[in-house]
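In what follows, structures are represented as structure tokens.
Shared chain: chain A. Partners: chain B in the first complex, chain C in the second.
On to the complex of A and B.
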């Protein structure tokens, strides 16, 4: 699952796959701006077949937070 | 689609996939795309459309370079000539103004105070008209104004449909007014966003979460559909529709093979599968009514095909609906060449539709200029295959378009008459031609721009000025004339354009194609504006060879002289298809004054042919 998540992050942010890690977050990644953020969460929805609430949209601001919320949807 | 664009086929409908593909387009991985700078003004946050515009643009031959104004900035950008909008020198300005933001009271309280609704709507329309005019004064970009979709949730609920003046009707009225506003502004077009929404479906169009979080109204599917539809509209702004659709007969116009199944055995009628082919024939008839020429090319005995066209009681298309027919046993490529020659068109003007993959392959290999459509295996999908190819998309239908087939038939009749007359002059005199010439104005501008966009052969300079650019040139003092020609066979409509401007002092508009440097007055410099240059001179190929061009040139010379012009320079810009007019100016008494450049003093009169009666409307 991490592989899929990292690939989507890289595709959405226009970053190299190697540049994405468990530590990647909105705060430490300049390309992860507000538009990229919406695109990222929407891409995750498509890839994992989930629908996130507005609160989840706002919380998913790091790889760690995304993993936690995906786990909450039964994906880990 | 070139092989370089294969990755476009792999794009899946997710932001990540579109973003990735958009980066590859942006990096120039698909060669030969035409750059298109598109500025988007919107009352909502539209920036998320970016990757979708780029990828859908590449699918239609464009390298779209989008720019988004900060959301909700309309007048701020439009009315300030120094705004970032104009700094980007856009070729298109797309305006997405939603009723929800333009007139919240109208959307939130519709019907509560009925008398106020009309006034509120009028304010919106006035604002949009002012925006269009404001844009037009400051840019020659094509203007695309999105219209309004039906209300997602009418305030009256189910009852809306029963109201004397429903919310849905109000939106339709607003759209009609918006179209009227666009018709009044040169180079302004409606982007039929309402149709896009309806085609896709209101359910699933909006994403309430994204609107609540980011003022971005669309679902991913809606972003893709909106970008795709906008780009398709832009393609129609910049690319003229294909001129001629060449169809096969057996298993295309009807089911079965007439030579084997006989007139009574083919499928064409009111029951399945005959009704599928009957519907397809009706679709082809509407294409013809829109101005597309139909040609029939079939490997068959001519008498068999003719019997279907003339005798089958369920036939919709008849012999006269086809501008050319080639029914014989020769290769399709040979016949297609003849079709092009008979219609005086280049091969690239032809689109070929044939159910037989072998024939398609033969034409693809031997005539790469012809567009070959993939005919679906299922005849029920024929109509969609042609319509959705967007090859015949046309935003403005002129009266000429709607009678084109009849005009071409008359051309054929006149050609036949020419063979009967003793000398060409005798024939021309017998045509009883009347040339009507007038100054280009708002009513004629769309047709004039259309002629500039698509005339290839009798076109001295092939400058594709848009309607907006033409309006700007006329405003700046250019002389722009149109020509209509009628003869005893009928009225050919508006078929000629001449455009002259002072050689110095009039800036050329931003042009879509590279231009030769403007002519400078020589050392024996003349008073400003006494030297004029013919920017554009063209004639529709269906009236070539009748002397109408001479009448138009004489009138142009007269108008330029009336404006104080003393000498007129003509240029010939060679292209692949305009060799016909290489000696146009020397033949009309212009003296050489440079490579592909000729000049005439306006003190020498320009003769008009005796066999054309000319009338001028200021």
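On to the complex of A and C.
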């Protein structure tokens, strides 16, 4: 799952795959703005066949948080 | 440390430099000031939220607050405006959006949700508010030329001020200094108060109506109203929000679906109960 998640993050943020890690977050990634965040969540929903709630949408501001939420949807 | 604070009227000076990004069309500082210093009473001092890096304001999301009596109830509104963040802080701009979405006790409206952001609002419960305009050419109907009009149409504020009563007079007073225009139509003893803006479109200048106090009078006098607006404002077209227009389309008109629709989120109101009067549209003349 991490490989797929990292690839989606890299594609959405226009970053190199090697630049994405467990520590990547909105806080430390300048190009992760609100539009990129929307596109990221839409891509994740499409890739994992899930629909995230507004609360989850707001929480998904780091790789760690996304992993936690995906796990909550039974994806790990 | 980056944090979100409530913006107040006193935040204006610190926020003003951020509006420099809105240059098309350029909006003068005194118009931006209207987002912070209202011409109507408002007990709540919140004017939106600011994003701060230490003491420096690096982002803003405005809320224009007002109340209206609808169906015997006082309804509270917040019109969302001017979401802006300095480029180097854009990865923190979602915090401003989160703060605004936390406003639960008001009907929220947004007239300037660009298509890339539209899905973001919808995810948080927003729905279509204004989706189409009726666009009218300034041509009087052949069977009712403008010269036969038995009523009276004026855009003179001094005359309008003496003739309006009740809630229409309140609207007139509150919006008199805003970037919109007003018209009063008197016809067969009835009055119709209109509020409209003058917009420079890509292809033509047009007048856009935001408020109609009496739809029956408006409809009956439409040919004369559109002719007068065209002459007075030197606009080729007259556009009216489809929600304000009942019945069949008049001659020399057509429906236009908007690429950028207005949105709203409300627990109590329907789209036809919400207008654009106290919004960035009239305050900034968009």
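The working rule: the second predicted complex is superposed on the first by the 76 of 76 C-alpha atoms of A that agree within 3 Å, B and C clash if a C-alpha of one lies under 4 Å from a C-alpha of the other, contacts with A are read in each partner's own complex, and residues count from 1 in each chain.
Keep this in mind: a contact is a pair of C-beta atoms (placed from the backbone, for glycine too) under 8 Å apart; a residue touches a chain by one contact, two chains touch by 3 or more.
A quick note: this is a predicted structure, and the numbers were derived from the prediction, not measured.
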Touched partner set for A:11, first chain B, second chain C, both or neither: first
Which of chain B and chain C A:20 touches, first, second, both or neither: neither
Touching partner for A:70 - first (chain B), second (chain C), both, neither: neither
Chain B versus chain C as contact partner of A:60, first or second or both or neither: neither
Which superposed partner A:34 touches (first chain B, second chain C, both, neither): both
Touched partner set for A:42, first chain B, second chain C, both or neither: both
Common interface residues of chain A - those touching chain B in one complex and chain C in the other: 34-35, 38, 42, 54, 57-58
Interface residues, chain A side, partner chain C - complex: 26-27, 29-35, 37-38, 42, 54, 57-58, 61
Chain A partner contacts - residues on chain C that touch it in the complex: 85, 88, 90-94, 97-98, 101, 116-117, 119-120, 123-125
Chain B-touching residues of chain A, taken from the complex the two chains share: 7-8, 11-12, 14, 34-35, 38-40, 42-43, 46-47, 53-54, 57-58
Touch list for chain B against partner chain A, complex: 12-17, 19-20, 23, 47-48, 51, 209-210, 212-214, 216, 220
